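Letters A, B, C, D, E and F name the chains as they come in the text, with residue numbers starting at 1 for each one.
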Amino acid sequence: MSTLIVIDQPPYGSWAGREALDMAFSLAAFDQPVSLLFCGAGVNWLRKGQEPGTIRQKSVEKNLAAAPIFGVEALLADGDDCNRYGLEAEQLLDGVTVVQADSQLFTNYSHTAFAG
Amino acid sequence: MTEIQTLHILNKSPEHPRFARCLSMAGPEDGILLIENGVLGLGAASARASGKLMVLAPDMAARGVNGGAESAEIIDYERMVELTTRAQQVISW
Amino acid sequence: MQDSTPFSFTLVITGAPYSSQAPQSALSFAAAAIRAGHRVDRVFLYGDGVQLASALASPPSDEPHWPREWSSFLEKHGIPGVACIASALRRGLVDEGEQKRYELTASNLLAPFTIAGLGEWVEGRMSSSRTVYFHGSD
Amino acid sequence: MTEIQTLHILNKSPEHPRFARCLSMAGPEDGILLIENGVLGLGAASARASGKLMVLAPDMAARGVNGGAESAEIIDYERMVELTTRAQQVISW
Amino acid sequence: MSTLIVIDQPPYGSWAGREALDMAFSLAAFDQPVSLLFCGAGVNWLRKGQEPGTIRQKSVEKNLAAAPIFGVEALLADGDDCNRYGLEAEQLLDGVTVVQADSQLFTNYSHTAFAG
Amino acid sequence: MQDSTPFSFTLVITGAPYSSQAPQSALSFAAAAIRAGHRVDRVFLYGDGVQLASALASPPSDEPHWPREWSSFLEKHGIPGVACIASALRRGLVDEGEQKRYELTASNLLAPFTIAGLGEWVEGRMSSSRTVYFHGSD
């Protein structure tokens, strides 16, 4: 069964999300099935049009675009949290699946982890 | 001995967004173990947790917390270890 | 009896000492696991947790020295302690090899901790029967 | 140029308990400046802030945020510095 | 005018509160007027009967008891937050003044700071 | 004209680089203050912020090196940078004096940062016209 890595912290303000992404890429590199769940303020990772050159950080958009190539199975986003942050479907990065993050979701995975 | 589907280890105070999310995502066959700052949410969790509620004794004593303890199992580290071996999955929030 | 089946643990610590309670809680858990006859396969430090491997931490003498307590515990029980290399380099935690490679003035990794990649975490998850995370609090 | 009693610099996302507390403790003669993760709360703050609302442009652009911007003054670091000299007190949340 | 140091994080789980206390004691040591405000989960600093020897930390109760001796003017606690955490008057450490933490409160101080 | 009155700032950074955005935001603010003709009296690192003074941080070469950027900025403008001694010792940030006193294997404080007590912060607050804090985020 697959691992679920959860990102619930917003991008750029802290490094926890980047380190969660590294965990997911690392699992994929070892051919371990892995998906990413964005929830809470973490859904802001998925907004189109980020320009973090203004604060001299690298765009997480590019990292996420590479996720399928590296073998990450799915990018999941909690629908309620997307609504909360005004993220309509057309503002979401390509390849994101909107789900309802409830207790049922966890049963699809053998492991679930946060980066911090 | 009760089997637990998923053991949720919750170390955040009830003000932290992960506290409410953990409670809402824990199912009725799950266990929720409050440790560290999480013990401050004992009252809140007693009222809302759908799974089995547990709380780590040393962290409770450190903080002088006991309100809401009647609805939770008070455990030590030995029991915490045992719970992690009994549960199908362990999630640290 | 099911209770006596020994389990093996990989522990992941992501909270720093003197900022969070994570290293303390993890040490209590690890000690209890060993008392119960289980095995701790490895301890992996990630994110801010790498600060636990600092050889230079000098807390007041009346407070526990968590890096040294963890170091003693790992040595006593022969448990590998591994700090994630990417987290460690960003946060200024380096061994002698990294010191040379990056031409730094010193190294500050406390033995027996070593520095390695996330592959150590992946391997731990596959080989241990349980992986338990200790994060920072709020 | 408007004088500001207290300038509140808010760098937390709306999920963080300090976000709501800052909004509730800012008075009508105060200014609230959203920076870093705080810009994610632009929509929420627009609806609830009683003082003057401002938002730091580079942090907005980094996060691709613009919803709610019509009710806030979008500023750069130069203006942020000026605001800190104009305000009677500066509080970083 | 006086400085207000705010503690809104709970004790023992992080060091931020201890470092806020050090700031207050340091101001007092330099004869600068200072008060402490406990709000949010920070009100849990003020609960009687803490026994942090169980987790090998020093009691913050003792530190707070020393606050008046060191010259800290007042220990303030937000009343709503005390209620939220089930802290009745008799469970609060001696010398705590329950207040309403609103915009009016700040106007009594020339500086207000958090430790982190 | 009121706009041209120069102000003096003490900046306090409590968030660590590569964990928070605080050191970056503080640097942008400090640069803007100086461009506007104001003075930065001193920068005080507190709590996790002391990690900004690490001489051993080695981020990937395509990411900004915040400790070195801050170090250059302080030197260029002759601004004292001070890490709180209590925060620094607990977190393994030491100068040569502390290395000797605590018999440690190395020191890792990046020049021109120095280590001193909270008195430096108290003095900054009294002598500067504004003290601005840069905390970690969430």
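Structure notes:
Following the convention adopted for this analysis, a residue touches a chain if its C-beta (ideal position, glycine included) is under 8 Å from a C-beta of that chain, and two chains touch if they have at least 3 such contacts.
For clarity, every value in this text was computed on a predicted model and none was experimentally measured.
More contacting C-beta pairs link the chains of E-F than the other of the two pairs E-F and C-E.
Over half of the residue numbers at the chain C-chain F interface are used by both copies of the sequence. Averaged C-alpha coordinates give centres for chain C and chain F that are 28 Å from one another.
The distance from the centre of chain B to the centre of chain D, with each centre set as the mean of the Cα atoms, comes to 36 Å.
If you average the Cα atoms of chain B and of chain F, the two centres end up 39 Å apart.
Residues of chain D found to touch two or more other chains are 11, 13, 15-17, 36-37, 58, 92-93. Shared interface positions of chain A, i.e. residues touching 2 or more other chains, are given as 9-10, 12-15, 40-41, 55, 57, 111, 113-114. Within chain C, residues 18-19, 21, 28, 47-48, 90, 131, 133, 135-138 each touch two or more of the remaining chains. Residues of chain B touching chain A in their complex: 5-6, 17-18, 21, 24-27, 30, 89, 91-93.
Remark: chain C residues 12, 14-15, 46-49, 86-87, 90, 117-119, 121-123, 125-126, 131, 133, 135-136 touch chain A in the complex. Listed in rising order, the residues of chain E touching chain C in the complex are 9-10, 12-15, 41, 55-58.
Across the complex, chain A meets chain D through its residues 9-14, 40-41, 44, 47-55, 57, 85-86.
Chain D meets chain F in the complex at residues 9, 11-13, 15-16, 35-38, 58, 76-78, 80-82, 84-85, 90, 92-93.
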